[in-house]
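Each of the two complexes below includes chain A, the first together with chain B, the second together with chain C.
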Partner chain A sequence: MVEPHVVVLGHAADRTGPPMYLLQLLRDLDRSGLRITIVLLRGGELLADLQELAEVRVVGEPVDSAAALPGRLAEEPARLRARRAQLADLRDVDLAIVNTAWSIHALPWLPVPPARLVSVVHELGAGVADLLDRPALDALLASDRFVAGCGAVAGMLADDLGVPAERIDLIPYGVAQDGSDPVPVDRTQLDADDDAFLVLAAAVPDRRKAPDLFVHLAATARRRRPDVPWAFRWIGATEDDPRLADARTDRALLDAGDLVRFVPPTPALRTALAAGDAFVLTSRQDAFPLAAVEAALAGLPLLCFASGGIGALVEPDGGRLVPFPDLESMVDALVAWHDDPPGRTAAGGAARERARRHHDAADHARAFDRAVLGGLRGDRPAGAPA
Partner chain B sequence: MHGDEGDGPVTRPHVVLLGHGAERTGPPILLAHLVRGLAAGGRYDLSVLTARSGPMLAEYEAAPARALAVSAAREPLGRTAAALRQVGAGSAVGPLQDARRRQVARRLAPADLVYVNGATPPTADLLRALDPPPTTPVVVHVHELDVGLRINLGDEQRRDLFDRADRIVAASGAVARLLVDGHGLAPERITTCAEFVDVAALQPLPPDEARAAAGIPAGAPVIGGVGLLDWRKDPDHLLRAVHALRRSDPDLDPWVLWVGGDPDSDDGRRTAAEARRLGLEDRFRHVGHQDHPDRLLGAMDVFALPSREDALPLAALEAAATGLPLVCFRAGGIADLCDLGAGTTVEYPDTAAFARALADLLADPEARARVGSAARALVRAEHDTGVGVARIAAVIDAGLEGGRR
Partner chain C sequence: MTRRPAPLIVTGGQLWRTTGRLVEQLATPPAGAPWPDVVVWDERDEDGRWDGRPGTFVVRDRPLRARDPRLGALELRVHLWRRRAAPIVLVGRVALESAPWLVHHRGTRTWLPTTDDREALEAGLTIPPAAAGGPHEVLTTELDLLRTGLLRDEPRHRWAPGFRAAAPDAPARPEVLAWGPPDRRQGVDLVGRALAARQDELRALGARVRWIAPPGSAIPDEEADDLRRAGVDDLIVVEPDPDPEQALRSQFEGAAGLLVCGRPGAWTAEETTWWTAFRSGAQVIGFGPPPPPDLDLDGRADLAPFGDVAAVGAAIVAAVGQTDRLPGPVGLDALVRAASQVVRRG
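Our next item is the complex of A and B:
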């Protein structure tokens, strides 16, 4: 019997949200009875982990015709032929899963359209309609079904992009968990003193995630309460990351070199977060960053702008949501948590309980299996032996 | 001494002025004011050499001065440089570009004084290419603050520039303080010659005509800014402040007008996205680059300068000259002007305080008129071309008379 063939189209294997989501999903899914091939536009540090779970082919991103040098553009037809040759055998695809909207760019390279297309959308407007050109957006919208990990994305698909609600599966995101409390790392690993009030963020340092506002938040907190030994640490970027050039300069202008530091990404994010006192997300827009779930599981109260899908985890008692871009209100929350440790602990506890109850990766995988893969295996119940 | 006039040779000193570019932005515009003012006095032979070409070259020539540019592109030999880098021969780019700069610089007669307008990588490169004899005095006019001096300029370029300078002109008190406190330069080497604008040339449109030109209803309250859209000028911060203002004072309901930059650029799209995110798309008007942005100053009730840092931007001086009150962060020379009565300064990056300052002025027409009047008087007294050119001419004359340090 021929196994159903599932191809996952992904943009990268770096340690960022969607690739980490895919890795966890594949770990938790019942993959028996399925042939799974992953096609990535580029590699990354999670490549080896993904290769343990499925065959992976890295095909390279298309060059930007507006920005590429002439020589690079001239090479593009040959690279396109090489990409097609690399994927020429993928003619029997029963299901293609697009993991992130941008990955739709890999779909035309399949030699034959897949029998069925499911798109897992992790982005809000900034990552979909604002990022994709019309042909790519049309290709994405032609998906048979959509998976949204939070209500904000489901709402965006339905309200902004006109996707019929019956084609959208809302399956709450999850992260791996075993019910135990993480043991905090030593604060020296975060370049912070034991007596500091340690405010943590965890994200790639691009503009959407707003490290610039993180620096401003730190400066605002120091101005409002200079007596507090603030320490703001952004996990997920080295100090020399070129994407931080503006934030670094701002930090220098504000004489905040000791106040704000950038810490490299870590595979043990939860134990790093557990060393903090509060988690803050300054993103201009963010669908549902898994780092916030990790922070909740680490017992931190959550502080975010009300500009994405994380509100369901934060509200009503797991932290504070404030209107974008109200840094003063963010500082109000941080000051309140600093001055009221029991209140802070209670908020962190509430966030942890909600994360444990609603955001377990194993639950997500089971629901994903039922909604997306179940039909491939006939009537075999999800999770049953193949 | 070089130059000819009338029947025989005269002894007018040849002053070569170096600029990073000839686009219609602050330092090149100020250089045009300066060249026109110096030329009008008839005491100097003037040449301008810029790294990049642009529309201001014609204005330099009209001064009159001889005007040359090394390249029409962003860098000399742009295509060749790109090709060399692509084939892995990037190390050859620098020497080739230096040769090109020297080739153009040789077309100028020897200088009696070199005036470097701006402490930037392109002007540092031009000075190295010109390589004036050790006896030729060099004046460096610093328009930059920390971002320009510490981030944009490499350590070696900065050292070369300051070591070679016999005299340093600081564009504002903020620049002078930074040079002394931040870079260890001796105060006696520095002369503060505040930036200046041609007050008589400013022609703001009548308010409602200007609003109509910007797509804003007649009579609507308008907070305005002028400048590029880059990170340093930070128009996004103004949008965030106006968003806060609309929450704290919804009755004021101001419009935001930004003049300058390209709405279709990445920065333009980013700013538009920030406006959408903040729910300001119906109250935000972005008018791209204007040859005469002063015309749209007529639409504004308050001029906002949200820059992270700015030595003494001409756009703010022009706004003040037309009687607009200013709001800025304490992040450059305009703060000094505001402290003298031209507006309100708040600490960077206190968005809420910036919003409050805007709201206070918008809500109080008498305060706007009073502060705007003070702003106009200050600029006319201290920042008009006559005053500004005379200050710099005195530095040039001292250099010509005194030679090297």
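Our next item is the complex of A and C:
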């Protein structure tokens, strides 16, 4: 028997949601009887972890023809040849899994089309139809099946992109769980005092995640309740990150340098989150950030805009959803949690119980196996053509 | 009860743009009101501005004057004698030449210089004393003229930024204006969040933000996405204008408010904003600095700490909900009433 060959197309190996999802999925999946190759557009700090689980090839990002300098454009044909050469032996792909819509760019670089294509879509409109050009979007929509980790993405695929519902598998996201409560890190690691009311976010600091609104939220909270020893910390960015330019500008204008700090990403996210009092997500649009699940498992109440897909985890009772971009209502929730510690604890507890019940990575992997890999093992006799 | 004499406007025949507009507004009565008398002092009326206007005595038009100036002078003297108790508003430099004819005039006389008179003032224009038929009061209503300081030493001078010759036409729907490139530096994100905070009330009031933008500028895609996501993209209308600063002057008429929500480096036109806002009755709303104290413009601003979009949203609602916004006297009658009080006090 020749092992069925599964190629996973991913955009990166950095410590952000989709790569961490992939790492966790591969850890939890039963990989026996499968040959798995990961093709990444770029590397990152999770590369070594992924290499422990599968062969990994990093081939480089496609050129942005609208924004690239002429020199970069001129180099693209050679880069394309190099990418294809790097993947030339992948001729026997039984299944290609696209992890994030952007990764579809790697599909044409395979020497022959895969026998079957499954796309795991983590984004809402901003990461799919708004981001992909027409050929890439068409290639994505040609997938045999789609996996959505939350109802918002499933709805977007069906309602906005016209994907038939029977081609969509809704498999709730999960993160690794062992049933225990995390031990909080010392708050000094988050540059916060013990008596502070510590509001945490955890995300890459790009515009969609809205660190600028996080800064404004902090300033609004301080303006409304100057008596509260607020501390707002964003986990996942260093202070000098260029993506924080807008946030830094406004932080200076708001004189909020002590109030808001950015701290680097951490592999022990849940224990870091456990040191906080509340979790906030100021994303302009976010399908289902796994950091929110981590925060729920850390026992924090969740506070998000209703423009994302996290609502099913938050409500009822696990926190608050507010209309975008209503920071005043966010502050209402934070003030209420500050003034009512038992209420805050209860909300955090409700979120934790929901996360434990519905968002276990092992459950997700089992469902994924059934929906995506089911029947693949043993279906292909040795020597059969790809 | 004594009937108040009708005011008399004295001005030149050939008027530049600013003075001409001011005179036309002063000389055009509100609907149903009588036409004020106008004496057009010599010079050629190339624009035909006064042709057929009732109650107008154009000095050069008196045919007898051409043949015998004394008869023309006599006719003018009679004309003025009949109006000897009327308050007189002298508009522009040329009107001051009427002073010798007004020595025996018993009413109040107010001179309104405009920026068109700047050159003459710089050249040392003499403002005749009141005893010699000159004005009792010199009233500046233009910021640009005030800023020259040319009338600084004139004891009869008064800065009257709130005076308007005519009420502005109200726009079809309540408007708050913003200007400059509609981008983040200019604060489009903050304006959007302010609108979002009070969008139900603003829609009920039929209000909107009109954003006067330089040609070629548009709301960046990512900011437009935010406005759509917040459900307020319909509340901001961007209108390209080749000269936003001039637009402040010509398009602010009737606006309920002016938004100054920019970040450092934003296009502000600070003084023009303040003066135009005050004069048009608009509130200045946003995060800008307070008005320069020497402009004496108070009570026309709702300024919040940077980023307080809730306060900005509330200020927008309050501004568009105002029914009577003009801060000073409007029209000729209000002007002469105010002038007579000043002269009496003086």
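FYI, the second predicted complex is superposed on the first by the 377 of 386 C-alpha atoms of A that agree within 3 Å, B and C clash if a C-alpha of one lies under 4 Å from a C-alpha of the other, contacts with A are read in each partner's own complex, and residues count from 1 in each chain.
One rule holds in what follows: contacts are C-beta pairs under 8 Å (C-beta built on N, C-alpha and C of every residue); 3 or more make two chains touch, one makes a residue touch a chain.
Note that the structure is predicted; figures quoted are calculated from it, not measured.
Student: Return fit or clash for chain B versus chain C, each positioned on chain A through the superposition.
Tutor: In the superposition, chain B runs into chain C.
Student: By the touch definition at the top of the document, which applies to A:269: first (chain B), second (chain C), both, or neither?
Tutor: Neither partner.
Student: Kindly classify A:198 by the partners it touches after superposition: chain B alone (first), chain C alone (second), both, or neither?
Tutor: After superposing on A, A:198 lies clear of both chain B and chain C.
Student: Just checking: does A:285 make contact with chain B only, chain C only, both, or neither of them? Give me first, second, both or neither.
Tutor: Touch partners of A:285: chain B and chain C.
Student: Just to be sure I read the superposition right, which of the two partners does A:350 touch: chain B = first, chain C = second, or both, or neither?
Tutor: After superposition on chain A, A:350 lies in contact with neither partner.
Student: Could you tell me if A:175 is touching chain B, chain C, both of them or neither one (first, second, both, neither)?
Tutor: neither
Student: Where does A:324 make contact in the superposed view: on chain B (first), on chain C (second), on both, or on neither?
Tutor: Once the two structures are laid over each other on A, A:324 reaches both partners.
Student: Between chain B and chain C, whom does A:220 touch in the aligned arrangement: first, second, both, or neither?
Tutor: both
Student: Could you tell me which of 76-84, 256-264 or 328-336 in chain C overlaps chain B after superposing the two complexes on chain A?
Tutor: 256-264
Student: Where on chain A do chain B and chain C both make contact?
Tutor: Common interface on chain A, chain B vs chain C: 126, 130, 207, 216, 219-220, 223, 246, 249-250, 253-254, 284-285, 307, 323-328.
Student: Which residues of chain A touch chain C once you look at their complex with the stated criterion?
Tutor: 126, 130, 207, 212, 216, 219-220, 223, 246, 249-250, 253-254, 284-285, 307, 323-328
Student: Quick check on the complex: what are the chain C residues that touch chain A?
Tutor: Chain C residues touching chain A: 184, 189, 192-193, 196-197, 222, 225-226, 229-230, 263-264, 305-310.
Student: Residue numbers of chain A touching chain B in their complex, please.
Tutor: 69, 71-72, 126, 130, 207, 216, 219-220, 223, 245-246, 249-250, 252-254, 284-285, 307, 323-328
Student: Okay, in this complex, where on chain B does chain A touch?
Tutor: 82-83, 86, 146-147, 150-151, 231, 240, 243-244, 247, 270, 273-274, 277-278, 308-309, 331, 347-352
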